[in-house]
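Just so it is clear, A, B, C and D label the chains in written order, and each chain counts residues from 1 on its own.
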């Protein structure tokens, strides 16, 4: 069965699953999204593109954007970035503050909120117009000019972001944030408010399946070593408390967001994006996880 | 360059690296091992076998044995094993006791000492002669009768194993150990005292590159799903506090032991074992890590 | 109202309180004790003694014995004892293991299980026949020869003491236990198994109201400074998670045990012992706390 | 020896102690204070007042003000205040964030920063003009109109208060702060910036030695029960990580501040204030502790 048929087939099967889970409730704007949305899009190294369902609708990519901010900061600092943030999985969320204490303000990895906040601080220190330059960067690697921030989402998240204020100021108290916490968090909320479609995402992330280079222009976004690092990080830390489970069930490097989106990379093969806003107990898209599990099992393209 | 030449080439390069790190010092018997030992062996799906250096010398595989005890327990309980032990990375060692407290005695994964102790408890409850049956099982999947426990090592580890006694009794206090802690730990020390050569290891673990089945007899050790799970666990949790680093540098599922051994699996391709007793600061073989990094980079067979 | 009348009056009022709480259930032998037992006894500096209810019945004093073992060890090591165990309150039980980790095996105070285990280790290192010598010491300061260990209670506690085994071995792993954990714990269980009556307790502890000296013979058990230290420790750490509450409600230095006993000291005035086996949620005697609160309020002899 | 002579005598002895410790360095304005300052003042129930050294100079009372904000909030909410903040000692500072996590935003006691922040939140919710009303309250119980906030100190502390921002927002994320964190902290910094002399302090706090009532007017600031509670809290939690040590060495309820001030209460006898800006390793006044230890030992007026 080719990818196109497989996508359709699995899509139809998973679509029928009874609705499970809730949309993210802690961000008021996200709670309003129609829970029945479900979209999938794959972009392959051969240049093929297939989508199903709401694959062209834009949604809040939330934490998936942490990969994009990491990539930009990584381009700037190269390996020196690892002096500010670690590369190891973190265990439970519960440990996050304890670890910041024992590690003196160095977050365990860039996909934790604490780590992504440090990455935003790095960008603030190194870019003249961080908000615009980050958006330009994302648009440039996606070859899409329609990608944009959502002011509503950013504001909505900021209004309830007490824990992020706590994290950022706690790290600052160890001297590991260079800018004013308010500025760092404003930028952080902008980054997380990016809206893209499944199509945008799979096309944008395809370079990570291609050793860091854009598949059409062959221009390097990251060098091969950096690209491998980002994939390895997504493999071990991309799914919060469910990273081990995702490694087993799907077997690909990936990253999820509380907006219900998931991006996954099969090195040398494809990038695939899924979106369904209902979340399982661990905060990852319920149908998204199910789709990718079924898809990799049937395509026998898990890494393991 | 073929595997044989590549192995030789990388071996010679890494062998020259100046000695770094110490042999494991907390277990008196391990501290006596000659630090200059260095061996490598690969077994491929095509049936090829190549070795270099001390690949035929037996050494204490230590925590690598935790994969073997897990496999045997997994065969017995299948997915019910995950009611007793988790599948997620653990963060720092520091958290291990805090997590046991908040998780009421359920270790985060079977490769932590706490998790491996629970696996030993499972085997004790399910086997009539656990020590003999476990050895028979290991010999049977390795097709080698020369593999054996080391009484000296087991005794040496037991004598200083206060932290393991603490872990086992702490878990027992949550009702998550069924047998007497003394019996569980005696068996645990036996398991960790297994001695094998790099050749033994790569031949034994090749079935994990083959979806769980022995390559010659085609007999199933684990089913495909179970085999995928074990590989995913090695990918995310196999190297203590350096699992993320190993995923990046080597990009393969693997497991290390404080005896200086490392096993790594490339699904559908090969299993490779390395041994050099000098450990880096995280407790993994210094030369072993270097060798595998260079080997996968040059063979371009990292998963990422 | 004199002490005698006040004791009778308060006793009758508290006795009528409807039974609340359970007897300690984790030690099978303690669970068998008749929950309706209720006794009180006061010994004053003037040499007066008054009792009410079951004041002459012996019961398991449990953690109250931790004060006695501390006193004997304090006599031996004087202030050097504080190199092995701290003098500060510990916060929640939850923190106990985390603190042992960050404090490298030094318990926060001698009334935590961890601290009392270290005190027992000290006695084991410094006495030839610790079990007999400790009993002799207790008998000598109480002027009673009928005080003895309970083999049944010691055995009952040992059988379920997995958490204590964990604590002792964990401390040992930091090099802060000198003897074999099994020997330390056997002695610890003996110490906690001491049986006394309220009368025994109030007479025995009266020397702490008298700057450390026996009231009749004027022989010094502790010097004045040591006596002050023990009282201060009971004030800040004597009631587990309810030390602050006890300081407020009763306002005296004191120590409770899960057998339902409480001893409290009013410096320069008296020692008073209460016993009622039903425990409140924090593990302290329900009626014992109520009695002492009412007694100190009406005698206006709280320290605050 | 009467109090006057004893104060003079001990003052002269302690004054000669070689300077030890540093002035608080984390608040720039506090670091500028002359470290040689040393003052003492006692106010007794008999109406006597004696001072020595810089007893009339005003200094930043810092955390001593946490007792005053607690008292005002306690007057407003009475025992309902304990639904928002606990009454137990906290163990190490290290645990503070872990405990907030496990206790869902309820600080262990009102003298921790976290607890004092919650108390400020309560005042903000219950007063119309919190800043003015709190100052009026303090002036009214001290019968002094010269007490005031220091804008400089408040601003200086705010500029480096990242950890307090973290604490306040963390508690807010559990829903346990009602007002905006910025407002709560602004008020908190004002409260801590109060400046008083030793004379002001001992006169102000004397009511806590008098069961809660002003000694001259006999007007009740707190009722007897509330007064006992505040004293008990100072006894068990007043000196951070050195509360047990202070209970032993001084044996009185008390509270210290990083400005180098200490207030201590001897119920039914006196209130005494000491000030010397050099701090010991635990953050309490070095000479202040020494003075009180010597004073209570020689006056034999320790509680124990």
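As a convention for this text, a residue touches a chain if its C-beta (ideal position, glycine included) is under 8 Å from a C-beta of that chain, and two chains touch if they have at least 3 such contacts.
Just so it is clear, the model here is predicted, and its values are computed rather than measured.
Asks: What is the set of chains touching both chain B and chain C?
Replies: Of all the chains present, none is in contact with both chain B and chain C.
Asks: Rounded to a whole Å, what is the gap between the Cα centroids of chain A and chain C?
Replies: Here chain A and chain C have centroids separated by 56 Å.
Asks: Report the inter-chain centroid distance for chain C and chain D in whole angstrom, where each centroid is the mean of the CA atoms.
Replies: 32
Asks: Can you check how far apart chain A and chain D are, centre to centre, with Cα atoms defining each centre and the answer in Å?
Replies: Computed value for the inter-centroid distance: 48 Å.
Asks: Going by the touch rule set out above, which residues of chain A reach two or more other chains?
Replies: In chain A, the residues touching two or more other chains are 94, 98.
Asks: Pull out all the chain pairs that touch, please.
Replies: A-B, A-D, B-C, C-D
Asks: Spell out the residues on chain C that touch chain B in their complex, using ranges where they run on.
Replies: Per the stated touch rule, the residues are 94, 97-98, 101, 162-163, 165-170, 172-173, 181.
Asks: Name, in rising order, each residue of chain A that touches chain B in their complex.
Replies: Interface residues on the chain A side: 86-92, 94-95, 98-99, 102, 108-109, 227-229, 231-233, 235-237, 241-245, 247-248, 251, 253, 267, 302-304.
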